[in-house]
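One chain, chain A, links the two complexes that follow: it is found with chain B in the first and with chain C in the second.
The block that comes next holds the complex of A and B.
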């Protein structure tokens, strides 16, 4: 009897052990990364399956385990719908032990998931979205905005192009909040840098034929035609600008362009385009090394969103290891304390508003004759330091920033 | 000022000829088969993709693709009519609409899966590159070709339907298919070929569009709504109506882009609402 009793007791003790460890260690015995992204829609080339692959690479490179517990990467398609995104996130948090949600391309889905995650004390790592309120008045203490925001695109391209001699501008703007914000931001930067804005035309969203707007841009005589649009609108306006002979007399400046867009356009049509990017695969040895591994896996070179997903998941896993727990508060503290130092960013820190301030790059798309190998698309003209690329903390609208 | 407006109107005419070409096929199919062909956008996209595949994978140039792609899509269209649409004859035409809409979604989904959303770029054929400065605007030579080719195809289709014996059969089939069959005309075959011809017209427009627009899986669903508006304004099934309205709406849109660009995406639908209020059968349609 006594012996049985004793073994029962020891069993109970054994069962209690992992429970006791949970407070300091890993909850549920697993660190789960959920990549929530657009798998088939408008952003599926710049994020989508590539973001999932990047997160998987980070988990594998970390050794598949953190604090002795397995790292699991799962993914779902949010279809760019905020309600779908927040429902998936809720299910992930409540039923599937997801500790961190990565990517969240398209700002409306990010803004829908952030408060859900914050209420449940889970972390969001944003790479795909760009909207400024994410780290402004709608910031949360459990969010990291990693790769780019509209401010960095407007400021990078706006001021850097004026410095390069592009003084007079005309905008072709997608007629909705995103496009108009991008136009206003960039126009004010251009003026502040000593440039002139000669005019703007607002095209309905979406538009397939840009010829009318391009003719207006052409007759304005501006040196730079700023494209305050995204995705298919940008691609079609670049293609048709080439057709109408706008370029090379005038130069185009894309305010939100990804390398996937350039790849699908081809260099013949895209050559000479100015753009700002957080990452370019062929920038240095480290970026080349990582990108070639990504290419071997996906048959595409990574966009800045893909590189950002890898780097942010890696940074998170390192913080879990350093903190000795996957508790969100402890991990966020570690992530903020530790600078990011990898192929994506150098000595970059996450601010109290959740924004990672890092170098951005002004690039110009090469002419076909200057492109020596596949995916040899950009010439990096200038490194834009974090204090010029991103908004200063002193101007932040985020309530978490103490002034 | 007037020069700029003139430029915008010419651009409008170019777009209008695209609309005319696309709505022509739609009008022919509706006129004879009483099918609201929602797969028209997908057939247009298929035409563009076949041209791209031909060039990229097989080295087949634009001029061959201009005939080969419509032929291939036409054959596919005939198969769809023979195997699927024919089963829905005699039912409410809502069923045909749903079937073709479903087909369009499926084809678009497959292409998204296979080619990604950003699409692919098709170069302007070497003989038609460059642009001519007309003084008031720069006209790409390819766009001029689009206008000429579209007008030739539209008016020759109209001539065949209005002035030839085959056209007479088609028109008779529209009026009373049973009577025509009683006279010994193979009406089911005529239906199959007509649907194939409509699909081929869509694919022809797709090949014409490939060098102008990015070739993407969604290019068809973007354009199909406007094209339906054109057909409704012109009068469902009216061939001349589709051609004239296509060109007219292109001009209207061009003017809107000049005077009030923000409304240029809506102006077609305002026109549609007005026409439906004042002439429910459309400008060239007859009350049934």
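The block that comes next holds the complex of A and C.
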């Protein structure tokens, strides 16, 4: 009895399903941006609530409406778990009319959501993750990788530091795929630029005590100690390098450092560190103006991930307006056709692999005495043009790139 | 109402809810909950009936997921082979870990299993084909028996549901069998079971391997549902989560772990919009449950029913 009743119910529900179809123009009368990010975990400082605020700022600055339909920003915490991320994304696409997912910090969540979005023809705008397969063999036609990738971090810092005179290198590497890729990439760039790699040491991931690795780096006598690690590992190694007196005799080069890391480390410990960044708030008038507004809202200066989220959401909304629809194919076409021109990037274009190639900046962390105001942390040494910062299309492993 | 009629009614209701679930909630979410429910039930077989607290069950879940993904994506084998590979890897690891871990008991047993699980976690970070923290992505769902297309959510859901019911029935049978009774005897008083002539360590090992194999099944199934295997599956958080699910739902009850898995799944997925509050709420719920109803949700309901009828 029970079962018969239920199967009738299921049939009725099944019949009701096809009603949820798609219309032309703006589907469902709303353009919905879903910010899927790490709200509480290791990346919540560099992305997290700041990314949500950035997306909201973009929606407000656009006027809250596109093509006469409201823009809605929603957010969720993926807890850095790929299963949670892909579940939330599926629910967003199927039940909450989300048109575009932004940020997706941490590569595993991004790589989990990308195929889901592509299958449902929705767009992903990545700002937080950096892994190369995103625009390599795992690329999708509905994805934009906006802010940085590991290649740009390795190549930016590697070649630029050698040009600045840092000829001999030693690496402290987090012993897993990400760290090893970062080390190998950087080492090859250093050699190509005429530098020397004196050695490397692999630290298990994660490590709290870097003393033995730092001692090896110290005794190698290298001018530059490259930190091929991320997050807490980077913060711990920088802090301990300072305590060991490694710096300032040797200089550290962080291969994935965000301004939020520097803020929590303090300038005393971080001074002299070389790093590559896609955005620095105090670089020019435009970036200052936007960052002050971001600061007024969040009481923090933006990381490059935050700036990337604002810029990518803005670029998306402009493309929706220009295309006259929120249909993913049409919007992607417009986004590729139109160069990005704002406080974040100048004349930057999205390639067929989904990567936005834009200027990156080599920066050095200031000494405490040179820092004149709060958040005055970086001295920008050099602008790295897109063709040096990002991988050439000819070498792309992405099947969408026609050669 | 007789005990039997009550049980039939109860199970009938649960089966009915399961059948209707994909129309009421999101199918992929429902599948994930089923996988976690299977995982928690397998864990409960060990904790609730043999009294062994393993803190390394994530290893079986995660390793099986990677194995299932590997044989289907890299070797192009069918989905069924992927599930078998998952079960085999779960059972194999269970045999290896179990043979060493059951020599100790209590906290030492838990620490040994945790140690082994962390070993597997670091292996997954190190081995190149796992993709490190990117995870093992793009696992094909394939076709069931070469005919039914599992890429369709409803087909996949009922496939997962059928496997869940079969595994659940197996667990239920195991608990009700003489073997299950011996396990309970060991849990209650190990020296006594030994003195009655039971080879305690062999019973424990069998339970451990069975639990690990079923966890492997859950992991392999989950790999096909989500179409990826990733590091968090292997992390000790997952081992902790399954303890949480089992305790919330009711340790040593047949349906308890599934209820716990549902609760934790709902908290994790539907509250994701609340950001940092998820962890706070999960923690509060756990503390409240452990403090106010120690038998877990199902345990309390059962006690209530027993008192009122």
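Criterion: the second predicted complex is superposed on the first by the 379 of 403 C-alpha atoms of A that agree within 3 Å, B and C clash if a C-alpha of one lies under 4 Å from a C-alpha of the other, contacts with A are read in each partner's own complex, and residues count from 1 in each chain.
Heads up, the rule we're going with is that contacts are C-beta pairs under 8 Å (C-beta built on N, C-alpha and C of every residue); 3 or more make two chains touch, one makes a residue touch a chain.
What you see is a predicted model, and the numbers here were worked out from it, not measured in a lab.
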Side-by-side fit of chain B and chain C on chain A, or clash: fit
Chain B versus chain C as contact partner of A:213, first or second or both or neither: first
Contacts of A:82 with chain B and chain C, given as first, second, both or neither: second
First (chain B), second (chain C), both or neither touched by A:108: second
Partner chain in contact with A:235 - chain B first, chain C second, else both or neither: first
Partner chain(s) touched by A:133 [first = chain B, second = chain C, both, neither]: second
Which superposed partner A:204 touches (first chain B, second chain C, both, neither): both
Touched partner set for A:292, first chain B, second chain C, both or neither: neither
Chain B and chain C, minimum CA distance [Å, superposed model]: 7
Footprint overlap on chain A, where chain B in one structure and chain C in the other make contact: 40, 44, 175, 204-205
Interfacial residue positions of chain B with respect to chain A in the complex: 4, 7-8, 11-12, 14-15, 109, 112-113, 116-121, 123-124, 130-131, 137-138, 140, 142-143, 211-214, 216, 218-219, 222-223, 254, 257-258, 261-266
Residue ranges of chain A touching chain B (in the complex, touch as defined): 40-46, 175, 201-209, 211-213, 215-216, 218-219, 232, 235-236, 239-240, 243-245, 260-261, 263-266, 268-269
For the chain A and chain C complex, residues of the former touching the latter: 2-3, 6-7, 9-10, 13-14, 39-40, 44, 49, 74-84, 86-88, 90-91, 94-95, 106-108, 111-112, 115, 131, 133, 138, 175-178, 204-205
Parts of chain C lying in touch with chain A, wherever the complex brings them together: 12-13, 15-16, 19-20, 23, 26, 28-29, 32, 122, 125-126, 128, 131-135, 137-138, 222, 226-228, 230-233, 268-269, 272-276, 278-279
